[in-house]
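Letters A, B, C, D, E, F, G and H mark the chains as written, and numbering starts fresh at 1 in each.
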Amino acid sequence: QSLEKQFEEFRHQLEDSGSLRERIRSVALEIESATRLMHSSLLLIHQSRPVPEVLETAKRQIGLMRELFSRLAEITRECPGQYYRYHGDWKSETQTVVSLLAFMHWLETGSLLLHTEAEEKLGLNPDEFGLDIEDYLIGICFMSNDLPRYVVNQVTAGDYDCPRKVLKFLTDLHAAFRMLNLRNDFLRKKFDGMKYDLRRVEEVYYDVKIRGLAANGEKTGEQNDQAQS
Amino acid sequence: QSLEKQFEEFRHQLEDSGSLRERIRSVALEIESATRLMHSSLLLIHQSRPVPEVLETAKRQIGLMRELFSRLAEITRECPGQYYRYHGDWKSETQTVVSLLAFMHWLETGSLLLHTEAEEKLGLNPDEFGLDIEDYLIGICFMSNDLPRYVVNQVTAGDYDCPRKVLKFLTDLHAAFRMLNLRNDFLRKKFDGMKYDLRRVEEVYYDVKIRGLAANGEKTGEQNDQAQS
Amino acid sequence: QSLEKQFEEFRHQLEDSGSLRERIRSVALEIESATRLMHSSLLLIHQSRPVPEVLETAKRQIGLMRELFSRLAEITRECPGQYYRYHGDWKSETQTVVSLLAFMHWLETGSLLLHTEAEEKLGLNPDEFGLDIEDYLIGICFMSNDLPRYVVNQVTAGDYDCPRKVLKFLTDLHAAFRMLNLRNDFLRKKFDGMKYDLRRVEEVYYDVKIRGLAANGEKTGEQNDQAQS
Amino acid sequence: QSLEKQFEEFRHQLEDSGSLRERIRSVALEIESATRLMHSSLLLIHQSRPVPEVLETAKRQIGLMRELFSRLAEITRECPGQYYRYHGDWKSETQTVVSLLAFMHWLETGSLLLHTEAEEKLGLNPDEFGLDIEDYLIGICFMSNDLPRYVVNQVTAGDYDCPRKVLKFLTDLHAAFRMLNLRNDFLRKKFDGMKYDLRRVEEVYYDVKIRGLAANGEKTGEQNDQAQS
Amino acid sequence: QSLEKQFEEFRHQLEDSGSLRERIRSVALEIESATRLMHSSLLLIHQSRPVPEVLETAKRQIGLMRELFSRLAEITRECPGQYYRYHGDWKSETQTVVSLLAFMHWLETGSLLLHTEAEEKLGLNPDEFGLDIEDYLIGICFMSNDLPRYVVNQVTAGDYDCPRKVLKFLTDLHAAFRMLNLRNDFLRKKFDGMKYDLRRVEEVYYDVKIRGLAANGEKTGEQNDQAQS
Amino acid sequence: QSLEKQFEEFRHQLEDSGSLRERIRSVALEIESATRLMHSSLLLIHQSRPVPEVLETAKRQIGLMRELFSRLAEITRECPGQYYRYHGDWKSETQTVVSLLAFMHWLETGSLLLHTEAEEKLGLNPDEFGLDIEDYLIGICFMSNDLPRYVVNQVTAGDYDCPRKVLKFLTDLHAAFRMLNLRNDFLRKKFDGMKYDLRRVEEVYYDVKIRGLAANGEKTGEQNDQAQS
Amino acid sequence: TDATASAADSDSNPMKDAFSKYAAYLNDLNEKRERVVKASRDVTMNSKKVIFQVHRISKNNKEEVLEKAEKDLAAVVDQYISRLVKELQGTDFWKLRRAYSPGVQEYVEAATLCNFCKTGALLNLDQINASLRPLSDPSVEPLQINVLDYLLGLADLTGELMRLAIGRISDGELEFAQKICSFVREIHRELMLIAPKMDDASDMKTKMDVMLQSVMKIENACFSVHVRGSEYIPFLGSEDTNFSLLGVPEIE
Amino acid sequence: TDATASAADSDSNPMKDAFSKYAAYLNDLNEKRERVVKASRDVTMNSKKVIFQVHRISKNNKEEVLEKAEKDLAAVVDQYISRLVKELQGTDFWKLRRAYSPGVQEYVEAATLCNFCKTGALLNLDQINASLRPLSDPSVEPLQINVLDYLLGLADLTGELMRLAIGRISDGELEFAQKICSFVREIHRELMLIAPKMDDASDMKTKMDVMLQSVMKIENACFSVHVRGSEYIPFLGSEDTNFSLLGVPEIE
């Protein structure tokens, strides 16, 4: 009897948590879809389209993204203290979003999108539904993975100052990451991969430098270090 | 600068959460070790040692177990709202503890150890550090896996009423589980296995019954259904 | 241009087939859920509840089941000639339904639910959306897997004529299956398992017979061979 | 009796479908063998043999290929509406054929072999036995996997304009694929791999460009974009 | 050139051995099919059909079997010394044949079909195409697996002397097998299974004995030890 | 009794070895951490910081490192003859240490750090706790992996003589490694990688040479071959 | 130039000299490992033969069978383990453990199986090691089987004991079977406490699962004999209780 | 009774006699298999040494290195393959194939590698087999390496050739590298046609994938040298085209 009552109660709880998870999954799918569109727009940067134009198209998704994240926050508000119970259902999507936003931010400002800035861009209130630090860091690693490709294509298109700028940025970023004491997990693996990005950018810089292509760029480059246009 | 400052902060946070996890892992290891001792004592039940004696030895670990779980609770108190972030580090150990406690409880009372009773035995305060329902249910499935072996050995030792009692208990338990709407996960898999336990106990009961061995036991058994002694 | 046009068209087609599959999956989930309820009711047969009562409860799902299958048929009508493209999405559920219906039919009539009878029960129109023969056969094998358990529990409950009846049915069924020339696939594997069911029922019949328990039953049994009540 | 009759009928049907499948498998094996010869001829392209010569040898298999596919169509005509029942038996072979035909077509025309063109080359009548779209798309992904190797060997052989042309083609192809909303299946996995092909070709183009080797080629290249000869 | 020529030759050799294998597979399939028929006939023994009648039907396949094995021998004659190259293609079928022949032989004579006798029955010439000893031994283990079922069904049908005879045979056979030193391979696993067959037969013998059912049978049984009729 | 006593003893031994291992792991973690700091300092060499400055910072860890290794030696002294039992727990860390020391040594002297020299630097007494030769060799391969990056960055920074020196060193090292007969193990895989390092350095040397950048450097370089400063 | 002096083909090159030493070391090590692997395979094969010999035991030939098994076991030590010991003379036993461990484990399995059948008790690691000591040249450290290999061998022993128990029940030696059952249960219980502390705990975990299966197979067999034997005791009275231990001889 | 006559301990039991024969057969087979496995391991180890010897090749020591490699290879045949042949004397080669196949494959790898370096051509299976024929006792059928083991060895050869090619490019032997590239491409193309027809096609499929990786590694290396070498040809003019084949000697 009491056994039955207990299981009756369990059924309710499991059903509630099941439907909650389903709603989360469905929002996460929408995030994934918006991310895909943003990514698609951003990819044109590798075909040397003008930065402002590319950014503008990519930014069109941000409004939707904010809304989707606010829906996530709303859902988790129903189960206080269980953010991390369902975290696995949105983390991979969030990491990709961060990587795209950080790339766009770098294109605009030449500097790293900070954790708080990322939360702002996504309209997150850290007291209630924040951006997990490891998700942020993994997103940054993903962004780093795209930089060598960007540099290669920029040089092909004749922008010989790009390698220097990216190298400086990536060197600083890599140094900053090295300060962290990472466990042997996914983040560590991604960070270990960053050194290959750095190496590749160094190689491209070397290619440009040894051929004397970077010479002039270096001077004029200083002025534009803040933002690429 | 600001990039460096941000990573400085990350380092602190990651180190804090890393050391927290280390402390949790170390308590979990102690739980595992105490569980193993309890399990080892309990195994003597298969060698037809008297139930009270076996239970007494097994129960000696409970004090330590309570202390260890209170240490877990204390540690997670430092990171409110993150129970499920570290849950993976103690769940498997907890499931085993539940299975042993439930088996002992059944030996004593002939009834199922309820979720709240399990929390009580472990000295848990559900508002603060409760027993996850799925962990409880998985632990119950583990207990079910041990019952066929117990029945077989009891009959060999001459207790011909045991199969009937276990069968009744397992049938009710199985029916209760069927009420739950389980996802295709580990719990579902464990529950699916329970039907083989049920089947095996049915077979043993059949073996006893068809040989007329259960006949008398059935009557006297009724009286002792509450507890085996 | 023409490349783009082609891919535009592909996108439409893939989206159409994707949403079709989603609708099919959702009906299949409902079938699974109805099956679960039917199965739950039917399980009480192992606890020696009266057959008519058990059957009545189980049959309550049949109306819903018919409706769900007619919805499946309706959906596949949108993609003529592609029954087998989506077949994988409902076959496992269908096999279980068949196994339950066949068991119920046997309890009622003592004979095998034929393929056409199964289609009728599910309200299927074979010209349009039939029951795949292999699905039917696999369902029958599943039913066979439940018979030894039924026999064991019936004998425990004192029905000593049951083994004889089941053995006769299963022997005929096994002989019929042996006529088929099966490939080395899932069906073959399931059929190979049937011989263990047969063997187990023979063993129970032996147990009953050698103890002289079957003697009288055999005569009175003849009369009731048509249906168990 | 009626049980026996039913199984008699099943035996016929299973034997029919078994022998049909056997015939399909045997044609599929012949397709595989012809594909292998075509592939082997085509591999000579990496050793800088003249394109026309290579194409000519490879094309020798096309007649046989058409015949084999017409035999497939003929066989499936015997079981209308069951194309997808047996689809698994020829799809992998078909995908490889498509990849080779598309590569040959690109070598000849510099443009993508369209789905309808692929059907034409294979002599397929889409109303009766068409080329499944996913098979077509997977075949195109396979072709993409071969392009980096081709580009590398062409440059080694002194054709410095090749990377530019392949890059343009692959960029367009990749963009077209991105329009599709793929499920998490084999095709998606293959498409995800395409970005590595693109990246590798970009790198080769970069290597050529930064050394000034592509400079002149670019102008003369424009004229020959239609076909390599 | 010489390289090409060598590979050309290899291709011929591999194709020859491929087609040889295909012919072997096809004969093996026919053996499997004849075995299936023989097995089907033999299964009637479990339904208490008279031994001579059962044996007669089963033996009808022997002629065909001999012919099929002589075809196998003929095929392997084309590749002298390569018996074991293709052995994997017929060994499983041969093991089943041996198990059936040995069972039939035991039904007729009450003694074990020896290796040389098995070769004779199959019309094999050991100098040219013999019966692999491990195949023979595995076949014998398979036969042993069927004996408990036979004993159970015989007793059910009222033949109370059967357990004694089978027990004596199986005890001797088990003792003989224990002379072998086996590796941890398939044969050892099968031999381990024989222990369980022996135990089951013993149990049935005990059941019969303890009820005084075997008493009379034992005397009359002695006369018929050579053959069951 | 005696059985229990023996297992009691085993438990003690295993617990002792477990706690020993824990102490070793903890020292190994500290080695890893010190190595990380050393590596971090050394990485500045890629940003063209002056060699002496870089070396000085990196060397600050050596004292600690020696102490940690002497602690390892001390611990293993408790279990004489079991160096290789626990070897897996420090080998990967040791390989990295060797690679850093060898790189530093090369920067200072232009020559290879020999096995005995490495032992000296770490304060190891080979009779008691030596440096496993395979660990040493793998460490050397790791060092080789860093040289191409170093050369590229040096050239970028204007040191055109660096490629020549590294190339000579690496050529000799590679020749020395070729004297070894390796199994198909980790060391062989690492050694295979060295070939690519050599090729990359050669390419850079070629780039420098062909542009006449190395011409002057070669002369002045001769003087500094012993050490870079 | 000094560049030439340090070239690969110069004779006084310290790097080259050092690598000659490394090369010699690696060659010796590989060759020794090969020899040890071969010796270990021989130990395995011949220990397996001893195990099969023990399985030839029956109610009436116990002494005879065990005597032969012990003789064979002694031969394994004299002929094969001694070769292993010779190969390992003065080497680090732990470094080459993976090369000889399978053989040693199988030997432990055989030796403990023999001993259990003869004495009903577990052969201690100390006893085994004492018997190996004479094989070594007294000047070097003798090969001693380590706890891990001993325990891994013991884990496999339970599988052989299960086979033995099933056979003994068939032979009517129910008491022997029950003795095996208790013994295996005890080993299982003890190993359960130790398993996670072993160096290669995951290997051991699999073996523990198999072991539990073996224990349960014996228990099920004992159960089966018991219920069958209990059935007619009410009818037959208590004077014939041994009747349940039916064995082959009863047939004749 | 005749039941007693057929009991397990009677001497004239035909079943017992037959099983003695089966037991002897199985024992012999297992022992032979063990000996073959051991011989095969020796062949493997020593063939690997030959392969390493070949990798010691450089621009200037070619003859010397290959001469030693060939001597070592001959020693493998004389000392180890001959033992394998002796063990297999008169046995069914296919029955024990799995026991000796790894060694034979490694030997094929070593022999074809040596031969390619010396002659630039593929050593035929017939040539290898001819060289093995004298090892056999002329009265029995000689061990002949079968097509499958030869092809499996050849598949591994391409991995060694890849390593060789990378090394040769470093040494400035670009032409040699290109020769290797063509050779490996050709083997790959030929094997691609044959692979699915082999007895163990799935093994071969994995090897084919690795092989394609090897081919592409060589092609990428050749590409890299080529673009680098092409860069300044427009500037330098054609008189110095060999300059791209930079090797170690140029340093000094």
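As a working rule, contacts are C-beta pairs under 8 Å (C-beta built on N, C-alpha and C of every residue); 3 or more make two chains touch, one makes a residue touch a chain.
Everything quoted here is computed from the prediction, not taken from an experiment.
**Q** Enumerate, in label order, the chains that touch chain C and chain H alike.
**A** D, E
**Q** What chains, if any, are shared contacts of chain A and chain D?
**A** Joint contacts: the list comes back empty.
**Q** Counting C-beta pairs in contact, which chain pair has more, E-G or E-H?
**A** Higher C-beta contact count between the two pairs: E-H.
**Q** Between chain A and chain C, tell me the centre distance in angstrom, where each centre is the average of that chain's C-alpha atoms.
**A** 50
**Q** Provide the C-alpha centroid distance between chain D and chain H, rounded to the nearest whole angstrom.
**A** 34
**Q** With centres defined as the mean C-alpha position, give me the chain B-chain F separation in Å.
**A** Roughly 50 Å separates the two chain centres.
**Q** Mark out which residues of chain H touch at least two other chains, giving numbers and ranges.
**A** 1, 3, 7, 30, 193, 228, 231, 251
**Q** If a residue has to touch 2 or more other chains to count, which residues of chain F qualify?
**A** 168, 171, 175, 179-183, 207, 211
**Q** Tell me, which pairs of chains are in touch?
**A** Here the touching chain pairs work out to A-B, A-D, A-F, B-C, B-G, C-D, C-E, D-H, E-G, E-H, F-G, F-H, G-H.
**Q** Show me the residue ranges of chain H that touch chain G in the complex, using the header's touch definition.
**A** 1, 3-4, 7, 30-31, 34, 37-38, 41-42, 45, 251-252
**Q** Within their complex, state which residues of chain E touch chain C.
**A** 33, 36, 40, 43, 46-47, 149, 152-153, 155-156, 204, 207-208, 211, 213
**Q** Taking the complex as given, what residues does chain H use to touch chain F?
**A** Touching chain F: residues 48-49, 52, 55-56, 58, 163, 166-167, 169-170, 221, 224, 228, 231-232, 236, 243-244, 246, 248, 250-251 of chain H.
**Q** Along chain F, where are the residues that touch chain H in the complex?
**A** Where chain F meets chain H, its residues are 164, 167-168, 171, 174-175, 178-184, 192, 195-196, 198-199, 202-203, 205-207, 209-211.
**Q** In the complex of these two chains, what residues of chain A are touching chain F?
**A** Contact set of chain A toward chain F: 171, 178, 199, 202-203, 205-206, 209-210.
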